[in-house]
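Here the structure comes first, spelled out in structure tokens, and everything after it is commentary.
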Amino acid sequence: MLHLSIFLFFGAICAAGAVNLLVQRHPINSALSLIAVMVSLAVEYLLLGAEFVAAVQVIIYAGAIMVLFVFVIMLLNAGVEERIEGSRVAMILGIPGMLVGSALVAWVLLERSGTSSVAVGSLPGYPKEIAGLLFHDFLLPFEVTSVLVLIAIMGAVVLASHPDSETQQKKES
Amino acid sequence: MNSPTLDGAILTLVTFIPLAGALLLIVAPRRDREIRWFALGVSLLGFFASLHLPVHFARAQAGFQYELNVPWIPTPNIHYHMGIDGISMWLVVLTTFLTPLCVLISWKSIHDRVKEFFILLLILETALIGVFVSLDLFLFYFFWEATLIPMALLIGIYGHERRVYAAVKFFLYTMVASVFMLAAILWLYAKTGTFDFVAIQTAIRGGQVAGFAGAGAWLFLGFFVAFAVKVPLFPVHTWLPDAHVEAPTAGSVLLAGVLLKMGTYGMLRFNLGLFPEQSRTNAKWIMVLAIIGIIYGALVAMVQPNLKKLIAYSSISHLGFVVLGIFSFTQAGLDGATFVMLAHGVSTGALFMLAGILYERRHTYDIASFGGIATPMPVYATFFLFITLASVGLPLLNGFVGEFLVLSGAFQARAVYGALGATGVIWSACYLLWMYQRVFFGKVTHDVNLSLPDLNGREQIALWPTAVAALIMGVAPLLWLNAIDPAVQTALAPFVQLASKVVGQ
Amino acid sequence: MTPSTLQTLPQGIEYVRILPEIVLSAFGIVIMLLDPLVDQRRSSRMLGTIALIGSLAAIAASQYQTQCPPGTAFWDMVRVDAFSIFFHIVVTTVTAVVILTSFEYMDVQQLHAGEYYALVLFGAVGMCLMSSAVELVLIFIALEISSISTYILAGYRRRVAISSESSVKYFLLGSFATAFFLYGVALMFGATGSTSIAKIGETLNAGPVPLLAYVAIALMFVGLGFKVAAAPFHIWTPDVYEGAPAPIVGFMSTAPKAAVFAVLLRVLFEAHAPGRLWLIWVVAALSMTLGNIGALVQDNIKRLLAYSSIAHAGYLLVAFAALPSSGIPAAMFYTAAYAAMNVGCFAVISHFASAGERRVTLEDYAGLGRRSPILAATLTLFLLSLIGIPITGGFFAKFYVFSAALQADLVGLTVIGVLNSAVGAYYYLRVIVMMYMREPREETPVAPIPFGLGAALAISGFATLYLGLLPGRVLEYARSAAALLR
Amino acid sequence: MVPLSYYLALSGFLFACGVTGFLIKRNIITIFMSIELMLNGVNLSFVAFAAQWHALSGQVFVFFVMVVAAAEAAVGLAIIIAVFRTRETLNVDRVNLLKL
Amino acid sequence: MYALISLVKIVIALVLLLTAVAYSVWLERKVVGHIQNRWGPTRVGPFGLLQPLADGAKFLFKEDLTPPYVYKPLYIAAPMISVIFALTSIAVIPIGNSITVGGIRTPLQIADVNIGLLIVLGITSMGVYGIALAGWSSNSKYSLLGSLRASAQMVSYEIALGLSLIGVLIMSGSFSLREIVDAQGGTFWGFIPRWNIFQGQFVAFFIYLMAAFAETNRIPFDLPEAETELVAGYHTEYSAMKFAMFFMAEYANMITVACLASLLFLGGWHGPLFGPAWLQELLPIAWFALRIFGFLFLYIWIRGTLPRFRYDQLMSFGWKFLFPLAIANLVITALIVALKA
């Protein structure tokens, strides 16, 4: 019972955060509601026993990725979203259509797929066991992500550095 | 008979001599004079090589000769399969015969990008010959498509004012249509596992092709549409006048002389060869279309103010005869159709050359701007008259034999077709002679025309062979027909069986 | 699942099975390290040469893989067999050609070379890995590697607004698609309890297919469809192609597509994905039609080729709808032919467009046949191949695809495809017509062809002709590879 | 005890919200956040399915997704900054040099 | 029963923490005063010991100004976010071994979880939002610049910080703070304690120290609130209790960082035990407190002596020196552990 109520509580926060993200017009508010979603998702992970995942979710998603978002919003001083004719149409058609449709499909499918219910911490993901998988069975993907991260770093540097700095360098040399 | 090795290689040789020449030209330096001579040499070499074919052809023998069949691509099972029978042999010779003339006629009229012009011309020749000698459906389609680009480029680059429009129209019409043929070929391959013409023919006749009963009509149509556009048959003919008017002279000559024959040859070889039953069921409306083509082409030709357009429409009319003959399913009809193909190739080719000569001098095709040309250009007028008469179908000239045979075949098939077709002959006499009268007789209406120079030596060299050929074909048609006959008989064999079946019931 | 013991390490042969990836990454890292050390003025040439050597070494590595027995590596993460090697070679060769094309481009555009070449190589790592991966999560990561590097490369001309815009559009829609793919992976994991393609195949074959698996396949297909620009997920293509640097468009319209098609083949055929036929049927028909119709009205050659690539994705998908025995080799052949001709097209464009990518409208191509006969002739060859004219690879590609479809009795789809290829002829022809039959408005001289570009054109032209004249060997190889897949 | 389908429905809902956001939002950053929301939804189903199948690998996948999301965020935000530099706006409707 | 104990522990921990915060302010003023040859607070109470109370009262009774043009919801929320995250991280930090009170043995820790270290990291990494939002919502250029600097700095140094901890994790093989401390029990050759800092993690400790200074925005890395350039950085527009919250958060963070340093590198609560049983129960807490005191003293000492970095120096120090160093440390540690095993 406790399990269910915790689930429902944080699930509600999650859902509310997700909807708030759509409704808010200022990007910073959207970002904050997304953070709320992520943190409450971490709690849901805890309920499922994935405590390591939960911690990493907070550290990486809420603590690093969203910080970047907030940082960029601040840096660019992004203002309130403008509403242009086209967007209103998308709004009217988009929200109800997508939400109702997807939720319905998801619900029906999942009800029919005959899944069982899970208890709290039914599959404890201890760091050691996860490490075992990560460094053995999933060694190759793990190694390959290093290339991904390298690309990302390089890309961020290339794209975000000021274009004029490059030509200056060329002139200097 | 020559050595078997030469017999095996001769078709390949004939086909690829021009291509080899073209490849050499690509790397050659840009010296226009030498290039012209080289192109002439190559095309003549091709012509003489092709003469080997009729000389050593076993005339009484049916079936394919000079066959060469080597695997080319293992999957799909494509063979480099070449061979000719009496019909295709003459078309090959026609092609190699016309190409040197084209080179000659373009000697002066092409002065810009000469190298590219002759490269394209020689590539086109290879592709045209390839179409006639391929016995592998794939190889056939390959060459068929390969004719498109050089022709379109010839029209588009070297043509007249509206050349781009004409080139695109030509390309799209034939491209779209041949795609249907590709689909049909693919279907056949999917069901039989081979592209070999003979093998597929045997399979179809033996009833070994699954689903053929249902698909047969569609396959027939697939092939037929591609060929009909090429011919061109009546409702899909509209690309032809544009292409002809805009094309350079050499382009028109090959277009009318050979390219259109690809369509009729295809009907004869593939529609009749592979789908005899479907041909029979569809013959009625095809013949109607052919007759419409004959009459419509003639009528439109009559009112054309443009010399080249007039000749173009006359081609539509003449090719109608060929289709009519083919779908009459009679010995005479098919013989005649084949003969008309050859005769039309010679005489219309010559007509286009003549028109081109005039254009070189006056830069217009407008009939109204001529008149009384016979006075300043007597030799030219003589040649023109001779060829016009050949085209009209004067007895003892080449046009007559074919048209006569076709009409007799059509009468055998159904009298009314023959009768309607016969009006075409009259119409053609009308428009051609009227045109001749307007251009050559009477007073010189425009002063510029007074100073027009007559034919020079090069032009005469280009025209004489056509005139001679027209005469010989008219006097001694048997030289040709005795090779055509056995081939036609083979082509008609299933129809005889069909007919006897019908009678037996 | 209990974690296996940490004591076992991968065998030597398993490293050979990721050898091309290792080589490419090693060279990418070398370039990155050298970049700050070399003189800026000569860096483009030198780093480019290193990148070229790297890609050639990767081709050699893929060749070397053929000498080794096929098999899996890293605990069933990748499988190297004829199938993967085929795509390895396609991807690495395209990479080499793109690098050759870029030599001049980097000089003309004054772009910083270090990251550029490194990103191209790293992107190729992702694509190679995608074609050999047999595990959905690894596929996902490899997909992201290739996508992210192309996002960056698309926006590489930072000073130009349309380049950044192209990058942002590509990025947003690409990530959107990735999310769909990932959701598909998640649901597939939920439906079968595994993300290994082989195991998924076993599970789906063994019992009744759960409804979830259908949804999963559909979602994965949506995600991958975005990446190959299949309709109705194609809207990003023209914009992105227009804005991105031309050599990169050549890269991203061929290599990642080849890799994604490899993934699609594996997922759809090896995993015995349920209910794939009608889905592919519709998508293929739509892509062909929308692509060709869209291309008809374009005046910018990059946009035109973008629509054409949509159409070609459609043709390729026709092969997916066919029987595996003929469909897979046909698709593989098509991928190779398409890569050859498209990368060649963009090599020409990147040279002709010159600094600032100014000359990209059809009008600009008027009279190219006179101004630069070689450039015009090669572009004509590639365009003819795209039309599907005989003696070019494009012809046999279409040929195999349509005959495969006919063997599966997909007459309707074949007819749509055949009609479409006839429509397609028109707009390619417009370019050829422009080049040969129109006079230019102004006689701007075309720069002479530098060595690198010449080599790139020679390679792609040779490949196009080779596939058009002697397709047998390649097809046989594809056939044997396809036999392994089933 | 919570039925697994509750988790999955929540995950589906988050994903759907992300899709909706992608379609209706006009600010590039917000659109990007919608994509992150979609990924979060996917992660929840991974963890839930891991519990269903008792396969820890489901949790491992989440790490990979997070790494990818982080890489995407780095690159994506850099691209957004680059666009902002040239166009001075973050509205997708105004980022329209290319006709769609 | 469990809930009750937890509640008691939470209350005690909070009281302890807030007191510690208050008196670390006092300590700072006192020590810096002495370093600068002054007295520091002396008026309120003996040695100025009641100064923190006076400060607190003053904060409470000041007028709470809200400048116009601020983005109000976030302006109000930002200090709360800061202080809440600063205070919650104490939840998983053990301040000593188990203790028996009234027959119940309970660990000296609010929640004993086996990923404690990760939770601390997660919570501290959330702290940046408070600062970022404060600067942004104030709608003032000083605030914005300060918060941009602060968030960039915190994000950058978090990486070095995290990497420096991994060496420790390799040594102990656990994320549980309690187990990490337990692994440091005992001595080498009878006199050198087996603290991680003596087990080859000296470099890691150095990195941690530097990163911790930066994370808490302390001199020499206090660029975000550099008075001479930015007035007061992200909290320029804040006053009264809202300002006090930032203030509290900063010192609470210092204490958290000190706790972590003690737990991870300095052997936690280990130390010589002697005396009667009740003393032996309480001595670990004392040892732990001593370490924290020492750490705080170091903080203040450095503040009193070192000048401020320039911003580009700060960034290049973080990325070009600390970060590679941390990776090198990580690799070497891993190699040594692998070779030993």
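Details
Think of it as A, B, C, D and E in the order they're written, each chain with its own count starting at 1.
Assume contacts are C-beta pairs under 8 Å (C-beta built on N, C-alpha and C of every residue); 3 or more make two chains touch, one makes a residue touch a chain.
Worth saying up front: this structure is predicted, and the values here are computed from it rather than measured.
Taken together, subunit A and subunit C share the touching chains D.
If subunit A is disregarded, contacts among the remaining chains split them into B, C, D | E. The chain with its C-alpha centre at the largest distance from the centre of subunit C is E.
Chain centres here are C-alpha means, and the one lying farthest from subunit A is B. Of all chains present, the one whose mean CA position sits nearest the global mean of protein CA atoms is C. Of the two chain pairs examined here, C-D and B-C, the one linked by more C-beta pairs in contact is C-D. One simple way to say how far apart two chains are is to compare their mean CA positions; for subunit C and subunit E this gives 52 Å. Centroid to centroid, with C-alpha atoms defining each point, subunit A and subunit B lie 70 Å apart. Distance between subunit A and subunit E, defined via averaged C-alpha coordinates, is recorded as 28 Å. Subunit B and subunit D, compared by their mean Cα positions, are separated by 64 Å. Across the assembly, subunit A contributes residues 52, 56, 64, 68, 73, 75, 105, 113, 129, 133, 137-138, 141, 145, 148, 151-152, 155, 157-159, 163 that each touch 2 or more other chains. Pairwise, the chains that touch each other are A-C, A-D, A-E, B-C, C-D. Of all residues in subunit D, those touching subunit A in their complex are 1-21, 23-27, 29-30, 32-34, 36-37, 40, 43-44, 47-48, 50-52, 54, 56-57, 59-60, 62-64, 66-75, 77-82, 84-85, 90-91, 93-94. For subunit A in complex with subunit C, the touching residues are 105, 109, 112-113, 129, 132-133, 135-141, 144-145, 147-148, 150-152, 154-155, 157-159, 163, 166-167, 169-170, 173. Contact residues on subunit A toward subunit E in their complex (touch as defined above): 28, 32, 35, 39, 51-52, 55-56, 58-59, 62-64, 67-68, 70-71, 73-75, 126-128. Against subunit A, the residues of subunit E that register as touching in their complex are 71, 74, 113-115, 118-119, 121-123, 125-126, 128-129, 132-133, 135-136, 144, 147-148, 151-152, 155, 158, 173-175. Listed in rising order, the residues of subunit C touching subunit B in the complex are 329, 369-370, 384, 387, 389-391, 395, 399-400, 402-403, 406-407, 411, 414-415, 418-419, 421-423, 425-426, 429-430, 433, 436-438, 470-472, 475-476, 479.
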